[in-house]
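One chain, subunit A, appears in both complexes that follow, with subunit B as partner in the first and subunit C in the second.
Moving on to the complex of A and B:
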């Protein structure tokens, strides 16, 4: 009996505690879900600190939620119409944005008329956050693709970073096999069965896996065939090595077995921790596909943007918060860049002194100015709603081609699989 | 107030025969559990079935009849994932249960030294997290990983096997992982079953000149039959619903060769354009397959 009473008592205390907690909040609280403490969360914390001076009544609460978990919770809550558990602001992967807006109409707050000046962001990025002409997100991190290379290895083979700037893939293969012959080091590594590198190459041509009407475009996609040809040649000449997972990919260039990498600019975060290689790295733009019309030396990989949830109690405040910080504060970007390397797509920030600082790890190269410059030139593509399906089918096709299947038949198969999945 | 209710209840009860009273007491104990099972198992199953009759993206669902089930018949990825789980089932369950039975037989020997140490050692894998063991397996079976290095140093291999790269090696890797993780778990059931077999039966058989193999096939296995049945049903059930291993060890790759049905359901709901109706239909098919297989096993194993 005594025990029962204790339990009852504790329950009452807890309930009372919760009620007082809810009543104690007089100021507005905006909750934010995002991932990566060193990057997104850090940036959000700094933004919250800036907004505290502008609007002291608003309290920004940040919760770390990994992307997979965020997507899972978002889908479950929205499909069950249980939106109370969702936050006011979420960070959204750009390649999943259109899918989520389409699957859950009215779940996301339309930011078109919120006063945010979207023309201050890199064009390709704004395009990714638009669905049916409406702006649904404030662009954040920069996924402009870079080609990072070890100049000490290049020097051994008699090359400089300039020899790899503004070149075609043909030239890259020619010089790359020379480097491989003289130093024994490949220039690239990629995860087997993943299509990230192909997707980078694809976007550099301004094409995607869907046509203007959103229909799958794989079987007769000439740029894609050219890309697969180049990819195979890279593998055959051992300029590109395949590994099995992300950790092996990171360690391939950190350990020095591979003398370079191509990825979104955020990969710099994984390059700089290796202190012994300081001064040996440089970045440059990508090779372009000479045989594809309109192909450029620029592309994008990854990246995410801030969205306001329509179920938020204060969507205007949430939008204002983003407008005053991520879409209006040069100071914010100046704070977060040096300590986290978070390069923005906010173009006015590019004029900032901080962005013009030479980076000692990259031998004094002004890498941030370069990246902002690349970002402005990335071809715009529409990832479409079925981007994840496309990614999986392309990965499967590549795996089949690499294990000996004929290119056309693998692509025909991929085309019909993707057509089947789009219904 | 409460007292009067109790009085009324007592008066009500007095009207029943002793037999009925006993039955009522029985129901009284069963009802809370039954209610919980109904609301947390059967109700969701019914709702899942209703959901599986709906089509559409995200939360724009509308009634679609049997469209989802018709689509399943021609879905290449669903067929592939079903094929994969049956490969795991047919390869892994017999291997694991035989191994568990043999190990239980060995460890039941009272003369064996360090018996409890071995028991613990074989059972320990069950205490590890599914995700962490899958990740460790992935690094162990990497191209330049532990397993290839050992095999090459022993001169058993000329060049390293790309375990995760080939469709069959990747499937075998999943089977190896599952066997490592679950053998000890099933062994515990057999050990418990063996404790219930009277040692005098074995003594009598020994006196009659039965060999070790005869004792296994004629005494141990028949006496353990209900437990073997239980473990078979549990393993079948678990293998058909496998998710953690394929997600973390191979992520369904290479080229969907290890994709499991559960992982396909996950992709349909959370990676691809969300179609919860279709995902529910896939889940319901798995439920039906598990039910049919369990029913068949019960029929085969039931002697009454």
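Moving on to the complex of A and C:
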């Protein structure tokens, strides 16, 4: 009797075990690594909420990881071949995407045939997420470059924002020195020894630092030389001030030391906290380089995209999740825009009511429609695998040029440094 | 007389200047923690009224309490374990030394020259295979035995009177007994110094927890602070508050053991 009871008990335990196992299988968990609670994480949470209605059995788990930390964890895990603890989805900086795909060719899931409609995203952004013709990521935030300016300062000098719209750098310099003379305020600030502004100018011409074969193209890069010339002139005429670090950069326009800034559209997040300046800001497009063929008034700085990891246990579910939310839900972008300022590269979102709302901080200007419009016009460039290295060598070259070295020899040096690093 | 006064004045002047230089960043950090991000970037040096708000944001946006507890747990376990292991090793190297052990000590010291980044990937593979990711043991094991601590304990063991060992042996203490009942109490200032250093290193450790603590619930304070700097828009008030709070445990430990710490690093025994 006792034996029978034990057998029965054991059978019940086993049955219970199996049922919990099958239940556990039904509920799928997709883990996501990304950074910035007010921006990316918030967007991901909203996407998860939307997907919960579509597919209630899928649980989205988000972990906050700073970008540099994410890259370290990713490289370590992939180099060590320990992919168990990697997530299903990661957020990837666009400028690091090609390098990661090339360094770890089998680590990322190819999304080309996943049903995601990539032609619904801004073209330049899709190009950044492609490697060898394959789509590796769902584009997310918009880094379309804006020229944000203080109209109260411009007014003091007798200008309006229209005077700075669709202009060339020559006109910008001319008007900028006038503003500087009349108000004492420069229009731009840039971190000394960093090449962000030059990169923005470079992309606006549709050129980059590599030729079609991926070889460095710095020493004989005519657009780059023109950009450096303009940069020098901006500095000489004190329209651009150099500061030391990112904090000072933010503080330079928050405190009103400078009357504007040029950066990716995400910089708006750092402009709006200064309540005293509400109503005084407007945005417009960038000046273009008149002497460079094909140059535009549009560019891009920063931005990131969602990738699915190949080691994921459910890559199809992860891809479907992205497809139904970031690549298919206008509602998602409508929700995240007002509270986080996360501007989409998903073009259908641009038609939405929310994007057409006037922004009180920018004097009622419809900034989001403008930015979506800019994004559609950003020239496509291929950042290439060695983008970070290129950026560093250009930064060094700029520092040398600003301290008196002639442009050609500094660029020659940069070219050979980059060639050496790529070798 | 006057010359002496002048010398004194300049000496104090110099010391005040140096103290100012070392304390100003701390002062700035605590002031920043009470201000809004905009004020911090505006360069304010007056305490503001945003402390509670900053704290609310910090605890609402991050797993602050969990990260504090994790950091404390990992650092405490690491400190206790490495003090025990390293002091035993240092004691052994000095008290029972022979040629072989001296040679081994030299090899051990060479390991100080290997940067952590070099062994990071293999170490990660090993810990992954052992199933120690996201665990306290995983955090502590790589730093339980460090060449620096062993060296510190070996050097200070030289000041440990050999007569004590001989007397204890005569009184019937075992070798292990001598270590626990004689060496540890007598060398407490060395232990204090080692504890402060180890706790601080473990608390501030960044790279290793970054790669092995992959679960949100296993995150430490340095990782949390790193996340605070990652956004497009950084809230400097909240950031400084987090940094300010995270230095407190090390600061308290240091202040509590300050007297012993000074004796310990100068190598005296009582």
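Note that in this section the second predicted complex is superposed on the first by the 397 of 423 C-alpha atoms of A that agree within 3 Å, B and C clash if a C-alpha of one lies under 4 Å from a C-alpha of the other, contacts with A are read in each partner's own complex, and residues count from 1 in each chain.
The criterion applied here is as follows: a contact is a pair of C-beta atoms (placed from the backbone, for glycine too) under 8 Å apart; a residue touches a chain by one contact, two chains touch by 3 or more.
Just so we're clear, the structure is a prediction, and the values are computed from it rather than from any experiment.
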Thinking of the overlay built on chain A, is A:421 touched by subunit B (first), by subunit C (second), by both, or by neither?
first
Considering only the touch criterion stated at the top, classify A:39 as touching first (subunit B), second (subunit C), both, or neither.
second
Using the touch definition from the top, say if A:29 reaches subunit B (first), subunit C (second), both or neither.
neither
For A:257 in the superposed arrangement: first (subunit B), second (subunit C), both or neither?
neither
Could you tell me if A:244 is touching subunit B, subunit C, both of them or neither one (first, second, both, neither)?
first
What is the contact status of A:81 with respect to subunit B (first) and subunit C (second): first, second, both, or neither?
both
Once the shared chain is lined up, is A:102 touching subunit B (first), subunit C (second), both, or neither of them?
first
When the two structures are overlaid on chain A, which partner does A:323 contact: first (subunit B), second (subunit C), both, or neither?
neither
So, A:72: does it touch subunit B (first), subunit C (second), both, or neither?
both
Footprint overlap on subunit A, where subunit B in one structure and subunit C in the other make contact:
68, 72, 79, 81, 247
With touch defined as at the start, can you tell me which subunit A residues reach subunit C in the complex?
35-39, 63-69, 72-73, 76-77, 79-82, 84-85, 247, 250-251, 254-255, 266-267, 269-270, 273-274, 302
Interface residues, subunit B side, partner subunit A - complex
57-60, 71, 74-77, 138-139, 142-143, 164-166, 253-256, 267, 269-274, 276
Subunit A partner contacts - residues on subunit C that touch it in the complex
36-38, 41-43, 61-62, 120-122, 124-125, 128-129, 133-134, 207, 210-211, 214-216, 223, 226-227, 229-234, 236
Show which residues of subunit A lie in contact with subunit B when the two form their complex.
68, 71-72, 75, 78-79, 81, 99, 102-105, 192-193, 243-245, 247-248, 385-386, 388-389, 392, 395-396, 399-400, 403, 417, 420-421, 423
